[in-house]
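Below is one structure, written out as structure tokens; the observations come after it.
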């Protein structure tokens, strides 16, 4: 079984809070109590990564409004995260928390550690306020992610959480109809 | 490490080829030699599932043009798949191959089997012609998938395969610029 | 040693109550307190199965009068059971409970799971109110069962339970003589 | 998985051939090449047993005509079988082979050995000429079997063996129609 | 080390009390409190066995006078013991307890079970009132035992138990001299 | 299963040949090719032992005529055996081979070693020319054996060996009738 | 036993050749054939580290003249090494090879990996042309190393290698006397 | 991970206190409460060793002033240490404690035991008053150590201990500036 | 490590007290509280053994005066020991305790058991009043021991025990000087 | 079983040949081909040891004449042996080979290593030209050995080797009578 529906495992890490320029400690408990998006990428100072992180920043305000905190994670240290933020034009725009995972614990917890390379794969996870993983997306190296699809998934996950017993059909958008599972619907759609 | 970058494991299954109404046998070898999209869902005759499968059908022609074969998989039998196709308005439109996985082998291979329920989680996988998984997306129950994002990912994956040494940045779309990794780019983006 | 004389193992499953069209949860505890007939078959929407289940329905009233509840079980879901009931002329007559066993737990408990196919073998079990298996019959695929023999076995089993110390000889029918084991009978029959 | 569909395991035993009054050796190989009915019962000189064995004798001529050999088995010795045949009115009619299984090997092979008592449970097995078990029926102590149902099962099993691709529906009787599985039948019955 | 000097192990069995024609339960505890002779033989309704058991019956009165209970044991059932007693001229004279050991527990406890045949070897054991084995004799198949030697051994064993510190020399008979071990005797006989 | 019917295990030992006063080496192979009686006893220079060994000597001539070689065994050395023979009136009469077993190998092979004491129990074994144990008798300490019963057992064992298919009933004596097992005898005695 | 005197273990890593600004692959084989100094430090963009690496650069020319290649290693990537070199005044002076060890293989091989932190300890190793470690020095965090002592050690190690049978006493400096071990010196110094 | 940052393991040994010519017992506890330098060398009465130990003596007064106790260790006995001190001109100057480690426990604890030779490698360790190893240096045989570098390291280690939050850069000398880690320094040096 | 300095292990044995002609029980506890000499030899009634035991008897009075008890041990029984004492001129002089070790426990405890032969090797042990072995001497078969050397060793051992802190030099004899270990002596002898 | 009768195990060591002042390598093979005496002692520069080694030197000429080579062994190095020889009056007389065993291999091989102290116990071994241990003597610390007894043992061992079939009685001295084991002697001495 995949991570979907499971609670995130324990970790403790140092992070660079790009929003206020401070170093902070982040644990699995820090993610509880509100929605989170956790975005893994292989390494600072590389190619696809900054465009993905910049793209994620573009959705940051919208995600914040939805009550979602955003975390990026690589196996680099928080020192390197700060340095990258200081020196890269794209990365300097970032306002969310950049977690350093040199001990590889978080990457291993989310099953995205490439053991041979010591780097994380490009996985994005949506986690609910109970710490339960609700959605996962992982791409091979070389293929960038589109952060805009995250917003729709978060909205659907939040709708389902707030409206137990209803389900969001494919391509569901906020405001459109949901499905209320009932015996009559079985085999009727 | 996730399934990304790994070759699919061996399986053998009966399927309902909704395109021509025949029962056929599908193995892991059937997926080699062209691109594949494999779409898992929990069960026939349920709620979110038909809207997702219908949505996937809407992209089928486009995916076919890109040389991609589409497979849906649940732990139902191929008999049930045919019956669903016969009786459901939404499902009757489907033209791709519907694989029956009552032995749970394929669902277990792709790590999406909910052992307790005996049902597959909502996972979608893009597999290249070598049988290597290039992208994965899994959602919790109750949250539908949007098949249209598959097309973009397939295009990016195909571009990267056909143009070794280039990478697609976030939100890349066919025709837009890619990145050629070079030493000069390090720390410059 | 076979299952005969052993108590049924723990399970929990979703079922379609064909009698009133509702979905219900069934556990091993549901079977305690009255007599039960549990009838396994490979798959919905197949060939021999509907004739067997229809034949079992023909005996349902008689079995009900004997205080026996009837359950059919396949590794299909309860959703598929309802759909089959909705669409098949033969199955639509069924009034007993159709248990979905996609997790394969019940089929494995009764030792009738074909692991390779993920389907149940054609086993029928008579279970007494204490949950003890009293009779079992299993046929290879392709050979249908005759539900009418169940009635006689149930009557014999009930007679023996109600009249401890007496035994039903071969071909015993309700009302005919039983045997009271006594030292004098040893070697006399 | 039950014994159905599996080949019988190796054994060697002494038997009393009640047909001609001789002692013979029987092995698993003796059962190959023709159809067999193997009928286990707890013990010689007991109560239900003679009525069951007598009942089986009543079907012996019919089974012989169908090319079926009949074997009864208990954990008594072949000496005791002969003595029972010599002294019991009911048993003296028997003409088939009575196997002695004091080593408990055959009873264990067919999973009907009550280890604590050292006696066999009341199991009946139909075995095809390849030594594959085609049908099994086991009853609790105190409940007699009806040998007449064996004839119908043997005929159905023989029909299926001789007409590959056809299946016998429930309550099938010789001469009545069978089903030829075809795609069109799926969900149509 | 042999069984001599060891306490008998736990068992529970059904027996035919040939003395009064009743079925009784015998356990290892039944043997405690008085002297016992336990006589194993391969099978009822065979050749050497009845002459040995008859010979043992001839000594039964004498053994009873010595306070010894006699038990015969084979892996046949108590039902078969009764039948043998009913039908055999030699066996019908027996008045002692005939234990049925179809579960093979007692034969295994006394190390006389031929596992391959499932039958007991021809062993005779003298057990004291504490359940300690005092003498054992085992013969190959085909060689009968002489029960009369039992009486002498029992008397010697009883004498030694009643006169601690004295020993019976070879060929000792009741009333003849025993030896009182003393330092002076060492090397003097 | 007891030692009866099993071949003796390998050993090598020094012995005192009391017949000619020489030290010789004896192995398991020495016992093959003719009948043997092997008589274990606890220790030289003790109480019961000399009377038993003397008693065995009294039967030596008769046993020799039957082609039987006799061996006594204790865990004493062959040196001590010679010394005992030199100094004890009873033992000085002995003409058979006295085996020294200080390594305890033979006593352990015949399952008569009292590990705690390091001494052999009072076991007597009859071994046929193939090295197969045909009869065993073991008594508790304090109870002497009667060597005269050995002669009868040897004769019966030899008769059975020479007349395959016949068996000696209880109390059989040379010249008296044996039993030829036949089907007709079953249950007739 | 420490690493001294042992051959370095196998590894493969990406490195930033600060001398010419290129990315290169370095393996354990790259270190064979000439003398090497390998200098581990915790992380790029931190505090003590740049002063140590700068200090090492100050000795680089001298070490080069002695035929020694210099490698710095941290668990950062080669991308981060380049970025640090691009942006830090101290580090920009570096001309030797900066190895990225995100897979932690090299740090683990040299026993300086702090598993909990995922960072290397401050270890410096001198390795001879056969890949054998000749000297090691490790300091706790917070205590900087003095690269100048490396030169003296390398010279001593080279002298000993080139003059087998001579040894350098404490505080030995190039040109000063060495010791030739001889029997006469034993106990004389 | 190396020994740096770990507490020393338990040991008990006899030593020669060269300062006052007495034999004393030294344990791991003796090293707690003040700073220690522990200097391993292969063997008494050999070549490089006396020059190193003499060199260490030259720093002894300075180290004492810094509150550091000095211990030399080889696998020789304390008897041999005294004899060497008595007879060698170089060694006779020594005033610190010479520990005998014939049981090899201490050498094994510090991972400097050459198991094959049974001799210690040339390791020097600085241990803080909590028994935590702060610095280690090990050289191959044939290469002498320079004790003067110890003084600088001890001073740096003491400064860091006394001024938590400050770090000593490379080549730091007493009185010169230290670094106070702050966010602003990241990537600025 | 040899037995020297270890406490003797637990045992219980029967012995012949040659001094008063009685049989007694000896345990490891019997040896505590006074000095003991334990002398193993292969077997009674053999060649070298009596001369050694006689030689030991010649020292018995002297050893008794020193408060030493003497025990001889072989794997023979105490019965055989008495017989040997009765019949051998040399052995009849013995007045000490002759332990029988047929269970081989003591011989195994003192590591002198030849497992293949089941006999003890020629070992002599001096044990102090605390049950601690102080001296051991073992010779190959064929080489006799000289008991007179025992007296000297016992005296030296007693002197050391009574004068803690003094040691007996080689060839020390009662009354001659001992050595008081002091620092001054180190390297002075 | 003790070492007596076993071949010495493999070792390799450095030694000080006190006879000519050279360092040599000694292996187990060096001891083959002639008689050897190997004398273990705890440590150089201690108390009892020099008197024992001096005493051994006093017998060296005699032992040499008998073709015996002498070796002393302690866990000190050969360097320390030379130093002791240089500085001790007693030891300076030594002409035999002093083996250094700092790896403790030889001491462990001869079972005289005190693991806790890392020192050898006071064991002396006589080894024949085949490398078989013929005699062993071990004393507790504090008790010196008397080398003169070695000469007698060596002569006896050599006599037995040269005159197979004869044995030396206790206190045997060269020229005195030996015993020829014969049957007549058993129990006669």
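Per-chain numbering from 1; labels A, B, C, D, E, F, G, H, I and J assigned in written order.
Quick note on the criterion: contacts are C-beta pairs under 8 Å (C-beta built on N, C-alpha and C of every residue); 3 or more make two chains touch, one makes a residue touch a chain.
Please read these numbers as outputs of a predicted model, since none were measured by experiment.
Over half of the residue-numbered contact pairs at C-D are shared with one candidate from F-I, I-J or H-J, namely I-J.
When the C-beta pairs in contact are tallied for I-J and for B-C, the bigger tally goes to I-J.
Distance between chain centres (mean CA atoms), chain F to chain J: 50 Å. Remark: chain A and chain E have CA centroids separated by 81 Å (rounded to whole angstrom). Work out the mean CA point of chain D and of chain E, and you get 40 Å between them.
Shared interface positions of chain A, i.e. residues touching 2 or more other chains, are given as 45-46, 79, 82-84, 86-87, 115, 186-187.
Residues 43-46, 75-77, 79-80, 82-84, 86-87, 101-104, 115-119 of chain E touch chain D in their complex.
Residues 1-5, 45-48, 50-52, 54-56, 84, 87-90, 111-115, 121-123, 132-149, 152-153, 156-157, 160, 166-172, 179, 181, 185-189 of chain B are the ones that touch chain A when the two sit in their complex.
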